[in-house]
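Pasting the structures here.
One chain, chain A, appears in both complexes that follow, with chain B as partner in the first and chain C in the second.
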Partner chain A sequence: MKKGILISIILLFFLILSGCTQKKEVEDLMITTAIALDLTEEGSLELSVQLLNSNSAGNRPQDVTPIVVVSETGRTIQEALRKVNTIITKKLFFSHFVILVIGEELARKGILPFVAFFAINQETLHRFDILIARGCKGKDVLKIVSVAANIPAMAVEGKLVATTKLYGISKIYTNDEVMSDLRSEGISLTLGSIEIIGDLEEGSDLDNRKTIDVRAYTKVSTLGVFKQDRIIAWLDEEESLGFTYLMGKIKNSYIIVTKGDGTFVSVQLKTCKVKTKLETEGEKIKVKVSINFQGEVVEDLSGETSYDVVYVEDIRQRTEYEIKRLCEKVFSKAQELKADIFGYGRMIYRHKFKLWEEIKDRYEDEIFPEIEAEFTIKGNIIRVKP
Partner chain B sequence: MEKTYISRRQLFTLIYAYILSNELTRGIYLYHYRQSTWIPVLLAIPLSCFLFFVYSFIYKNTDYPDFKTAMERILGKFFSKILFFIYFFYFLLLFALKLRDLVELVSIYTMQHSPFWMLYAFYLLVAIYCAVKGIEVIARYSGLVFAITFFSFVLFFVLLAIVNEPEFQNLLPFMPHGFLEFVNPTLRMAYSVPLGELFPILVIFQYVRPEQKKQAFKTSYFGIAAIGVTLLIISIANIVYLEAEALILGYAPIVRLWRRIDIEDFIQRLDLVMVNILLLNVMVKSGVLFVAVKAMADGIKEIKKGQIIFYGLLSIGLMALLLFLARDYPKILNIRFRILIPYLISAFEVFIPILVVIISFFRKKQAAGAEKQVEYNI
Partner chain C sequence: MAIFKKEKKQLEKKEMDNKPQFPISNEDYLHKGLYQTVKENIDYLKIYQGECWDFSTDEFTLENNFQEIEVGLVHLAGMIDQRLLNKTVIDALNRNFSKAKKELPEGEERFRFFKTRVLTTTGIEEADTFGKVFNLLLSGDVILFIQGCSKCLVIGARMYQERAVEKPTTQITVMGSNDSFNENLLTNISLIRKRIKNPNLIFKHYIVGRETNTNVVLAYIKGLVDEGVLREVERRLLAAEIPEVTDANYLEVALRERQFSIFPKIFYSERPDTVANNILEGRVAILCDSSPEALIAPSVFVQFLHSTEDFHQKAFIASFFRILRTLGLIFSLFMPSVYILLILHHSELLPVNLLFSIAGQRILTPLPAYLELFAVMIAFDLLRESGTRMPTAIGTSLSFVGAIIIGQSSVEAGLISPIIVIVVALTGIGGLVIPNYKLNLATTIVKYVLTIISAALGSFGFTLSLVILLTHLSSLRSFGADYFAPFAPLSKEGLKDSLIRMPLEKLRNKFRKQEQYPH
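Presenting the complex of A and B:
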């Protein structure tokens, strides 16, 4: 009898603790697929959320809008989020949002407080990518409908992944990584960006995906360079590629080399391994970067490819030269900006801590621009496609 | 209480779960040491084992009786009652702190809207059940929890290694400011969170099967070392996978780590699974602490009738105190970090036990002398 009562009490507790009193049905949630943060003209924070229209999910007619974008302003993210509830009826659900887009204007003011909010937020997965809306507002990026994917956020994520993996001018960077770069010593953050090509008004119209010639679309752009937590400059395509080479993040990319007769050859890079060594002599620092690649010739505009050793050797040398040029270009740009985007300062902090303690206050302004770099590129052409 | 005993294996699983539940608050130690967090954990393992080795003389010098008898042999009836009295409140304090940590974890990660009193009541009910039914109940349960925990760790580490690249450079610089800065955290980690607060384990050591008691101390050291190595691996994994900056963003480092597992958008949010595993482990610690509380109460005066009423009232009082006085968690962490750990817990886990052990050596010598005298007289 006593046991029965005890078990009943425990079962009663289970009923209450299982969350039945605060249950959340899927129908009562609004799934957030993307978030954007911008700065308003008055200088306050504008938060926009791209919400999935569950009525359009599945094989519904394509003239139903798949998403809605709702914006609110506030002094903090939390305030703006709460205000969003004055517009929508359901609770926002953050577990599935895939991109956080920060408007360029806000990025110039500083992103750390906003990134930190998401870092400690338990509802998000922390695997979302952080992007800067280049030359536009983050809110506008969320509004551009896509032909490729029903949900624009998924389309942006897909483009970002493809650009990073297949080309190398962008960067997939999660919240933890951004936080780490912002708070660590000796490294300046770089983030990928997205821009709008075409007219925003037309891009947010569902008719935009009914035409063959798409009137507006989002395009993954190059990397932005930060100092502290503020964006200060943009790298161009070659510099972004050079950066990706130096960081050893090239997975699959192309190098276009110019042959002696002026025709172009496409070399597809299969693997690319990077080793970075630091040499110090007092405060004189030298960085030695060696890049080892394996590539294959996939296209020759002269119309002829050859297995001839001379031909292959020529392409190999020209590829090495081209990669070296990209690396040197981005290194010079970083030195010019006085922003150590490669994390060589972090290497000094990690491996030569005493030296770092002596130079850390002068590092970005005086030491980094004077660092000498030596790039050694070696590789093999492992295949020539006929 | 029913006279129940536990085996060496059960003692091992009890120690493992007891220490692992401290993972709830280990994050508060990490802020200052960042990439070097693992160093004090590593150093604290042998120190914690040594501390338990010192405790062991309380039983060894008194021929392995129960805790009450051992204390009475060392301190005499009057002083042992005083000791039981103060440790009764000390264990209650540890128990209350653990419950508060647990509620914080649940509120942050899983059931944000569950009322505090409900969580307190549930854990108190389990603790009372353990106290009344005996340590064997919680020991059996700890075996099950250990199996779940261990299997989960292995599985999660494999998944983590599959989808993430470790960055061992994150562990550098190694001891940038020298060794001395680690002395204080090592000592604290050895006697307090995470590897300390082991005196309650010494109290429940009396329930180890009499024939296994001598070997059981070795099991205890092995248990401390095993969980110490687990915490060490977790610390290093946190740094190499998350980097020190991300690691310091929460109270429970073990939880954030598993958030990194995301396989094809299908296997994800394992951090929540780990929260639930931690909750299972906390149940072991709360059970052990309440059994220790009961042992102290019995040391003062054994309650033969109305045990449930006594512990029920005690729990209600404790719950009321927690609900009214322990709402402000940052304040509790602050008090714990600035006052309780350096002064109170150090006294109850290090100074008083060492004093008792020293007295036990004198008593042993006295007893040996008296025995010799008897031999001569004969």
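Presenting the complex of A and C:
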């Protein structure tokens, strides 16, 4: 019995004296919410981390900034990460890291090694989204204070999700998906982007949250097209929308139709189903895309909506035409860029492997620009809002 | 593990050497016959009880036209109805004895005369050994010795001071009957009889306890009760070598299985309606003299989460509150351990806003997270225990001190973080939702153990202890029935009255169908 008590006391000491072991308490962590990668003027890598300052949480006066952005340069990411520790006091904690922003300049030089680093890094989850900072540095995006959300990274993610779901000009693409696109044959990567509107100095001031007329903010922009792992061009809004239609990712978007008299009508899409078929004849490849949609007329600027068959049929045909136009526009743009952003090459690879083996070296430059595409759009207007 | 075995053996040996040091009574009196003379009898009683203040003897002589007979009355002063003694017994002795038509010879005839002609009240018994005399005398009866008879008469004039039938104090309901057992066995029996008027309702009497000779009653309905369980309860009750039974909970030690468990194995209730319901479900209730609680055998774990009120409400509503109580149990068991394991080992599982907020609260507090948690948990349990034990008058000031000083001030002073207070308060409230006090106390212990393991070993330790806990619960048995039924083994029929309650018509006779005890 005595020994039993002794053993329990010793076990209790393990608990109390665990101060010497590798224990991490929540307050000793620097929660990292976003990382940005840029190219410095000297050509070395610059890593910026957006950190939450837990000193500002709780019910303390809001005179301390809740977010800190810290940058360090290095030859590799690991070096830069280690160097960050010279600036901050606590250990970086990556589990809640949600976005990786890559500066446009760096994206033009290639992103594969950096994406690969985070894909094999054990500390980060592989669920974070990757974005390109359009026309600016990635670290600047991290610095813009968000008005609505406390944590800018969360705000950026929220914007991205909302844009993708409700408008359709961007896309949510996680690290794993980017890796899979970069590593597989017959597809060119596309990535969403984010830009800064307004002055950086004002945007990174906490006072920016106090004005009603927000002076600087981040804005989700259109898609960027990659060849290999380098960004080569930007799609415009219509092309981005067309891309989203072709990929079948449209959820709850609107399509704006011009009527015969020049007035605009908004049609809200309820469902939109996309089927893609490949037809090959020797090396001649034909893509048949059929899109089935159900829409609802929600707005007519002429002020006259009606349940009349003629009216509904007119809107339907115009909607079909409009979607077809968007699809054709992005398709010809992709052919012009010689970048198969839709992954038709991957479809050939998967379904007609023998053909792929023959054409894969010439695919991007010769075969893809010659692909014929047929877009069949069919839809219904199921409701007209009075 | 060898050391432990050795220790155990030594311990057993020690126990064998010095058996419990209870005063071993002089048991000469048990089978000793009565003397012929009143004086000798009274003197013999005085050997044992003579020094007692409340032991009162009266010797007087009755006379009529034919003869004079000495009689002796013996009783314990506080335990009898003095008015009954004076009015009925002494009056009757004086009045009726004179009606004798002839001289009564010593022996049987004189005794018969006294029994049938003189004492014309009910509740008259005979006794011929001092064992029986003592038993009845100490229970509060009046003993009448008659000169020349080797038997005596026992007149039932018991009147204990008893508490009135009051409202239940621990198993409280809003609706339904509001009486509870008191310390008088006969009152308790009457409370059950009032609810079940059935000729098959049996109250079987036993005397248990070597030193205390306590009255214990098994209540059950013949034909409805499982005979195997009944035999097993009787066997354990009689085989039990317990010296003292001053409360029903002493019986629990004798009745329960020889399995170690921190959970209460025998359900108890202070409510006659709960006990009546359980008897009607085919269980055995064990009532003990001077205990306001009835034990119920066999018991299952879910019973401890049930309240009588569940049957006073509609099935839907009752089910909702049962689920709520289960949630309370889960909170009180796991809340602190889950908190500490998330904070110390798995911060990545917390949403970023919550993590940020917790980190912000924790940053100013001086203690490590687990010590902080233990300190507040112990403070809470201290408060609760003091609330149970202290005189009612201090109650208000204590809750004031608890809430203001310990809660608010320590948070404001930055000694503990608000989240800890929330966690511990939720744990405490969850515990208070559990309708059974014994289960409530058991969860407190389990909570501490789980927290220590979770703090030290993280989610691995938590899961491990969860598995051990469930395995342990599933392995327990109560009088041959599975304690963790209807979950292990799973029974569809039993689930109808477990965490939810189906409408009554679907529950009829479920226990008779479901539980087959292997006896």
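The rule we apply is simple: the second predicted complex is superposed on the first by the 360 of 386 C-alpha atoms of A that agree within 3 Å, B and C clash if a C-alpha of one lies under 4 Å from a C-alpha of the other, contacts with A are read in each partner's own complex, and residues count from 1 in each chain.
Following the convention adopted for this analysis, a residue touches a chain if its C-beta (ideal position, glycine included) is under 8 Å from a C-beta of that chain, and two chains touch if they have at least 3 such contacts.
Owing to the predicted nature of the structure, the values given are computational and were not obtained by experimental measurement.
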{"item": "Touched partner set for A:Ile151, first chain B, second chain C, both or neither", "value": "second"}
{"item": "Which superposed partner A:Glu27 touches (first chain B, second chain C, both, neither)", "value": "second"}
{"item": "First, second, both or neither for A:Ser180, with chain B first and chain C second", "value": "first"}
{"item": "Partner chain in contact with A:Phe93 - chain B first, chain C second, else both or neither", "value": "second"}
{"item": "Which superposed partner A:Tyr254 touches (first chain B, second chain C, both, neither)", "value": "neither"}
{"item": "Touching partner for A:Ala119 - first (chain B), second (chain C), both, neither", "value": "first"}
{"item": "Which superposed partner A:Ile9 touches (first chain B, second chain C, both, neither)", "value": "first"}
{"item": "Footprint overlap on chain A, comparing chain B with chain C", "value": "16, 19, 95, 125"}
{"item": "Residue ranges of chain A touching chain C (in the complex, touch as defined)", "value": "1, 3-4, 14-16, 18-19, 23-27, 29, 31, 33, 52, 54-58, 60, 93, 95-96, 98, 125, 150-151, 154"}
{"item": "Contact set on chain C toward chain A in their complex", "value": "3-4, 7, 11, 343-344, 347-348, 352-353, 355-363, 368-371, 418, 452, 455-456"}
{"item": "Residue ranges of chain B in contact with chain A within the complex", "value": "108-109, 111-114, 118-119, 121-122, 125, 129, 169, 172-173, 176, 242-246, 249-250, 259-260, 262, 268-269"}
{"item": "Touching residues on chain A, where the partner in the complex is chain B", "value": "6, 9-10, 13, 16-17, 19, 21-22, 95, 119-120, 122, 125-127, 176-177, 179-180, 183-184, 349-351, 353"}
